[in-house]
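Next come the structures, one after another.
Here chain A shows up in two complexes: once beside chain B, once beside chain C.
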Partner chain A sequence: MTITGFVLRNACRNKRRLILTVLSVSISLFLLTILLTALKLMVEPPTTEQASLRIVARHRVSLANVLPEKYQYRIERMPGVEYCSKFTWFGGIYIDEASSNFAQFACDPERIFRIFPEAIVDPRQEEEFVKEKTACIVGRKVAERFGWKVGDRITLLGQLWPCDLELVVRGFYHSEGLDETLVFFHHDYFDELLGKRGIVGTFWIKVTNADVIPGLIDRIDAAFRNTDAETKTETERAFQLGFISMIGNVKLFIGSICTVIVFTMLLVTASTMSMAIRERLREISVLKALGFTGVMIFGLILAESCGLALTGGVLGCFGAKVLAETLDVYKLSKGFLPMFPVTAEILTAGMLVALGLGVISSLAPAYTSLRTSVVTGLKELD
Partner chain B sequence: MAVPLKYNLRSLRVRWRTTVATTLGVALVVAVFVMVMSLDRGMRSTYINTGDERNVLVLRKGSTAESSSQVSRDEARRIRYVPGVARNAAGEPIASAEIIVLALLERVGGGSANVQVRGIGPIGRELRPSVQIVEGRMFEPGRRECIVSQKIAERFKHCRVGETFRSGKTEMHVAGIFDAKRTAYESEIWMDADECREVFKRDFYGSVLLRPVSVSAAEDIAERLHKDKTLNVKVVTETAYYREQTKSAGLFQFLASFLAVIMSIGAAFSAMNTMYAAVGARTREIGTLRVLGYRRREIYISILIESILLSLIGGVVGCVLSLPMNGLATGTMSQTTFAEVAFEFRITGELLAKGLVFALVMGVLGGLLPARLAARKPVLDALRAV
Partner chain C sequence: MTPPIVQIRELSKLYRHGDIDVTALDRITLDILAGEFLALMGPSGSGKSTLLHIIAGIDRPTSGECLVQGTDVANLSETALAEWRNRNVGFVFQTFNLVPVLTAYENVELPLLLTSLSSRERRGHVEAALELVGLSDRMKHLPRQMSGGQEQRVAIARALVTDPTLIVADEPTGNLDAHSAADVMILLQRLNREMGKTVIMVTHDPRAAAYAQRTVHLEKGEMLNDSGQSSVVSHQ
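Our next item is the complex of A and B:
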C-alpha cells in the first residue's frame, strides 16, 4: 500500500463524516467566494483600459448641482482634450420603481461612442441614433431584460427632473468591460423638455493620452474658479470610487462577515479532524511502534486534513464560479447586479483559505497524537 | 418513560471539545443573522419613528422623495394659505416651505459623503416639536448659520458648534446641535429655507409641510390641491411618506436571509456530524438503554433533544455575542436620495427570538438523521460493540 492510498483509505473510513465535513466546508467557501466577489465589485469596480483616458468634470458642491452647458466650448478647446460630451443622469422611472434600476444618460449622440469605444454599436444603428432627436441606444442586458426591439417606444418618468422622456430604441451596444445596462439619449432633447435651461450634470472628457491628465484637471478647475459653478474634475476611476465611498463602511461590514465564516469553517474542520484522530490513537501508536517518525505521522494527518479542506474548497469556489456563469445574475437580482465576475484572483484567495484551513485543523490532532506515548496509545480501547 | 434530560446534558459535557466547536459554529451563524437583521430594523425604525400624524406633506406629483420634488415659490405661497391650515399664536399658518439639497462633507476617518441639508421655514420647528437643540442655539437666518444633528456632528468633520464647514464657495457656521430622537432628521443639517435656496442656487422649494386644523380638514386640503389644475402636486401624510421610505432597508433584509440560509446549511451539517459521532461513540450505551426497557421512539427523541440542546446553547451564545452591537451608530447611502442615512443597529426581543428559532431549526435538521440511526440499532449488535 502506498502512502497516498493509506491517507485516502483513512479519510474514507467514515464516509458520512467525510461527506458532511466536505459539504460544510464547501458551502462556507461558496459563500466566501460570493462575498469576496461582491466586495470586489464594490471596493474596486471593474474597469476597462479606455477608462484611464477619461476624466469627469462635475460641480464642486455635489453631484446634485448642475453646470452651465457653455462650459463645454471652453473645455473642448483645451489642449489634450479629444472629445467632450455633456453627460446628465436622468434617473427616471420605467414602469415602476422596482424595474427602474438602470441608469439613463443624456449625452451628445455623435461623441458618446467615441468617448466610450468599448461600447460596441452597429455603425448603421449609431447613424440612425444620431439623426433622430428622440432616439436612444440601450445596453444589451437591459434590452434583453425588458425585451426591447429596434423601434420600440419607452417612456421614462422624471423623478429628479420635471419632465418625462418618450424615447425610441434605435440600437443596442454590447461591451466586455462596460456596464451593459445603460441607456443613452440626446442631451438636446432633454434640454428642450426642460425649457432650454442649458444645464448639464457632468462633462465626460476623453483625453489624447494619459500624460496630459494631471495638467488638464488643474486647467479645467482653474478655468471655472470663482464662478457661480466651480468644477471638480477627476479621473473616471476616482469619480467611481468617490461614489462608492458614500455607501459607507461596506468593506468593514463584508470583511467581518467573511472573517466569521472562515472562523466557523475552522471550527468544523478542526473538530472533524480531532474526532478522526482521537478514534485512531491506537493505530497511530502502532505506526509509531513500527518505526514511523513524528514528522511522518504529522505529514499523514496534514495530508488528510488538507485533502478534506481542499476538496471542499474546489467544490465551493468553483461551484460559485460555475453558478455565476450559468445563471443570469442580472435578471435574478432584478437588475441590482449588472455583472458578477468571479475572477481567478478570488478563486486563488478561496483556495488559499482552504489550504490554511487544512493546515491549522491538523495542528491540534497532530499535537495530541505525537504527545501520546506508544504504550498509552496501545492501551487505548477506541 | 422518557430518557432523563440529565443523560443528554452529561454526555454533552463529556464530549466538551466537539460540543464547544459545534456550539460556537451555531452561535456565529445566529450572531451574523441577528446583526444584519438589526441593521434592517434600525433603518426601518428610523423612518417609522419620523413624522407627525397631524402633519401633511405636499410634493410635486410623481416624486417619490422630497429631494427630487420641486414646488415653485408661487405654488408654495398658495399652498401655505390654503383654507384648513392651522394657525399659531401669532396668527400665521403652520406651514413650512422646505428644500432639500446635498452637501458633500468629509467623514471623520476619511472619505466623504453627501449629507442632506434641509432648508426650513420659520415655522419648521413648530411642526417638529420632538427635535430639541442640545448644544448651542438655533440658527439665525441670513448669517450663514445652520444646526446639525448629533449623529452627523459625530460622523463628519467640522460639524461641531462654532466650527465652519465649506460647501462650494459658501462657509456655513454651525450654531447648534440638535437631537432628533432617532428619526430620519438625524441624518440632516438644518438651515433657513430661503437662505438655502440662495446658497445652493435653487429658484424653487422642494415641498411644503403643513398642519391642518383637523383630520377632515386634511382631507379637504388634499382634495382641493389635487383638483386644482394649476398646481401639479400630491398630498400625503407625513407618517405615510416616511413609511414609504423604508424600502431602502430591503437590501439588508435580503442580505440577512441570504447569509443566514447558506450559513445555516453549513452549521446544520456540522451539528449532524457531531451528533453522528455522539451516536457512534455511544452504541453500547444505547444498547444498554434498550435492554433497560427504553423504546426506540424514546431514544429517538432523546438524541433529537440532545441535538436541539446543543444548537440552542449556540443560539443563546450567538444572541449574547450580538448584543454589544445594539445602539451602535452607523450610516450608509440611501438608494433613493444618494445622501447619507444615519441609523443604529437595533436588536429587539423579536430579533433575538428569531435567532433562537433559527438555532432550533438547525438543531432539528442536524439531529433527525443521527437520531434515526440510534433508534434503529439492533439491540444485540449494539451491546456487542466494543
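Our next item is the complex of A and C:
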C-alpha cells in the first residue's frame, strides 16, 4: 500500500457520498465552463489573423446613424488602404423571428472577399455572385441549417429598412475563424430598393499593413470632421467589442452566475469534507498515535479533498469540451451560437477553480482534526 | 540490574473543566524496567489511562518528569513526539481502532509507511508480524470480516510491526469474550517473555492483570500499591 492508495481508500469509503459529491462538482464545473465560454465569446469574440488588418469607419454618433456613400471614394484613395467596401447590416426576418438570428450584410461584391480572405469561396461561385445583382453568398452553417442550395431563392423582410430582399443563393463560403452564418449581398441592390439614397451603415477597410492603422484612423476621421456625418474609425476588434457593450453589462451578469456556482460548489465540497473528517476523527487520532504528524494528516485531508474536486473538475470541464466538440452547438442553439470553442485557457481556469475548491474545502476539517488532541480523539470512541 | 525504561518523577496532571481544576494524577513516581509486563489497575477516573497516555507520548503532564528510554517526552515538539511514537511505542486499544477500509495486511503496514523501508522490506515485516499473531491466513480480510479477537490480534501485529521497545495497551480485553481475551493476553505475554517487549497495560479485569508480572493500583490520581519489583520501583 502507498500513501496515495490510502488516500484513495479513504475517499472511496462512502461510495454514494463520493459519487454525489463528484457529480455535484462536475455538473457545477460543467456549467461554469459553458458560462465562461459564453462569456468569452461575448466579451472577446473570436478573431482571425486577417482581422488585425481591418478597420471600420462608422458614424461618430452611433451605429444607428448612416454615412454618405460618397465617403468611399475618398477613403479608397488614402495611403495604406488596400480595399474598402460599403458594409450595411440589413437585420431582416427570414421565415420568422426565431429563424432570423443570422446577420445579413449589403456589401461591394467584388471587394468583400478581398477584405475577408479567410472566407473561402469557390471562384466560379464568387464570379456568379459579382455578376448578378440579387445574388448572395451565404455561410456554410446557415446554408446547412436551412438546407439552402445554389439557385434557391430567399426572402428577407426588412425590419430596420423599408424594403424586403429577394435574393438568389449563388454560393457558399467556409472559414476557420470567421463566423460561418453570414449572408452577403449587393449594396447596389439594397440601395436601389431604398430609392438610391446613397447611404451606408459602415465602411469596412483592409489596410496594406498593420503599421499604417493608427495614422489611417486619424486621417479618415480628420477628413470628415465638421461635416454632417463625422466618422469614428476603429479597428475591427474595437468595433466588435463596442457592439457587444451595447447589449448591457453581460459580463457582470454572467460573472455573478459564475460566482454563485463556485460558492455553491464550495459549500457542497466543504460540507462533504467536514462530514467525512468528522466521522473519522477517531481514526485520525489513531493515525497520530501511530506517528503521523500534523503536516501528514493535513496532507492526507488536502489530497482527498483536492482529488475529489479535481475528479469533478476533469469530468465537468473536459465533459463540456467533449460535448462542445461533438454536438452541433450552432443547430442546438438555433443559430444563436455560431461556434463554441472551449479553449485551453477556460479549461485551465475551470481546473484551477476545482483545485482552489479542494484546498479551501480541506482547511476547516484539517484545522478541526489538527486541533483535536490524540486523547480527545480516542475518547470519542470509548 | 535491568535499567528502568520508564522513569516517572513527581508526575501530576490537571484537567480544567470550566473554572474547576480536576487532578487526574497527583505526584506519581514510578520506575518501569525494560522487559517488564506491568498492569495499571484502578476504578474509572483513577488516572490509569492518563498515566498510560503520558508514558506513550500522546498526552503531556502538568508537572513532573516522564523519561522514556532517557527521553523527556514532554519536552518534545508535536512533530518530534509523533516520530518518537512511531519508533518507540506500539499501541493496542480497547476498540481495536483498525482502519475499516484497509485489509489486515494494510492496517499492519500503516505505521511502516512512515519509515524509509522499501515495499519488499515492509512486506517482510508485516508478514512476520501477522504470522506471530497467527493471522497469516487473514491478510486480505477487512476488519468487518474478522471476529473481535482477530481484530485485536491484527492491532497487536500493528503495534509490534515497527519493533518498538514499549507496547502500551489500554483495556485490550475490554471488548472481547473470555476466550478471545485469554488469547490476546497470552499473545501479549509472549511478546513480553519471548521478544523482550516492555508491556504496560491498563485494565479493570483482574484475570487480565494476572498475566502481568507486576500490578500498580491507582485511585483518585494517586498510587495505592505496587505488587512487586520493590528493588527498582518506589512510590509515594
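Note that the second predicted complex is superposed on the first by the 381 of 382 C-alpha atoms of A that agree within 3 Å, B and C clash if a C-alpha of one lies under 4 Å from a C-alpha of the other, contacts with A are read in each partner's own complex, and residues count from 1 in each chain.
In this text, contacts are C-beta pairs under 8 Å (C-beta built on N, C-alpha and C of every residue); 3 or more make two chains touch, one makes a residue touch a chain.
Since the structure is predicted, the reported quantities are computational estimates derived from the model, not experimental observations.
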Side-by-side fit of chain B and chain C on chain A, or clash: fit
Touching partner for A:294 - first (chain B), second (chain C), both, neither: second
First, second, both or neither for A:263, with chain B first and chain C second: first
Touched partner set for A:148, first chain B, second chain C, both or neither: neither
Partner chain in contact with A:10 - chain B first, chain C second, else both or neither: second
Nearest Cα pair across chain B and chain C, whole Å: 11
Interface residues of chain A shared between complexes with chain B and chain C: 381-382
Chain A residues within the chain B interface of the complex: 16-17, 20-21, 23-25, 27-28, 30-31, 59-65, 91, 97, 157-160, 162, 226, 228, 230, 242, 245-250, 257, 260-261, 263-265, 267-268, 270-272, 274-275, 381-382
List of chain A residues in touch with chain C within their complex: 1-3, 6, 9-10, 12-13, 282-283, 286-296, 373-375, 378, 381-382
Parts of chain B lying in touch with chain A, wherever the complex brings them together: 17-18, 21-22, 24-25, 28-29, 31-32, 36, 60, 62-65, 67-68, 70, 101-104, 111-114, 167-169, 200-201, 247, 259, 262-263, 265-267, 269-270, 272-274, 276-277, 330-333, 338, 340, 386
Footprint of chain A on chain C - complex, ascending: 53, 56, 58-59, 78-79, 82-83, 85-87, 91, 93-95, 97, 99-102, 105-106, 109-111, 113-114, 158
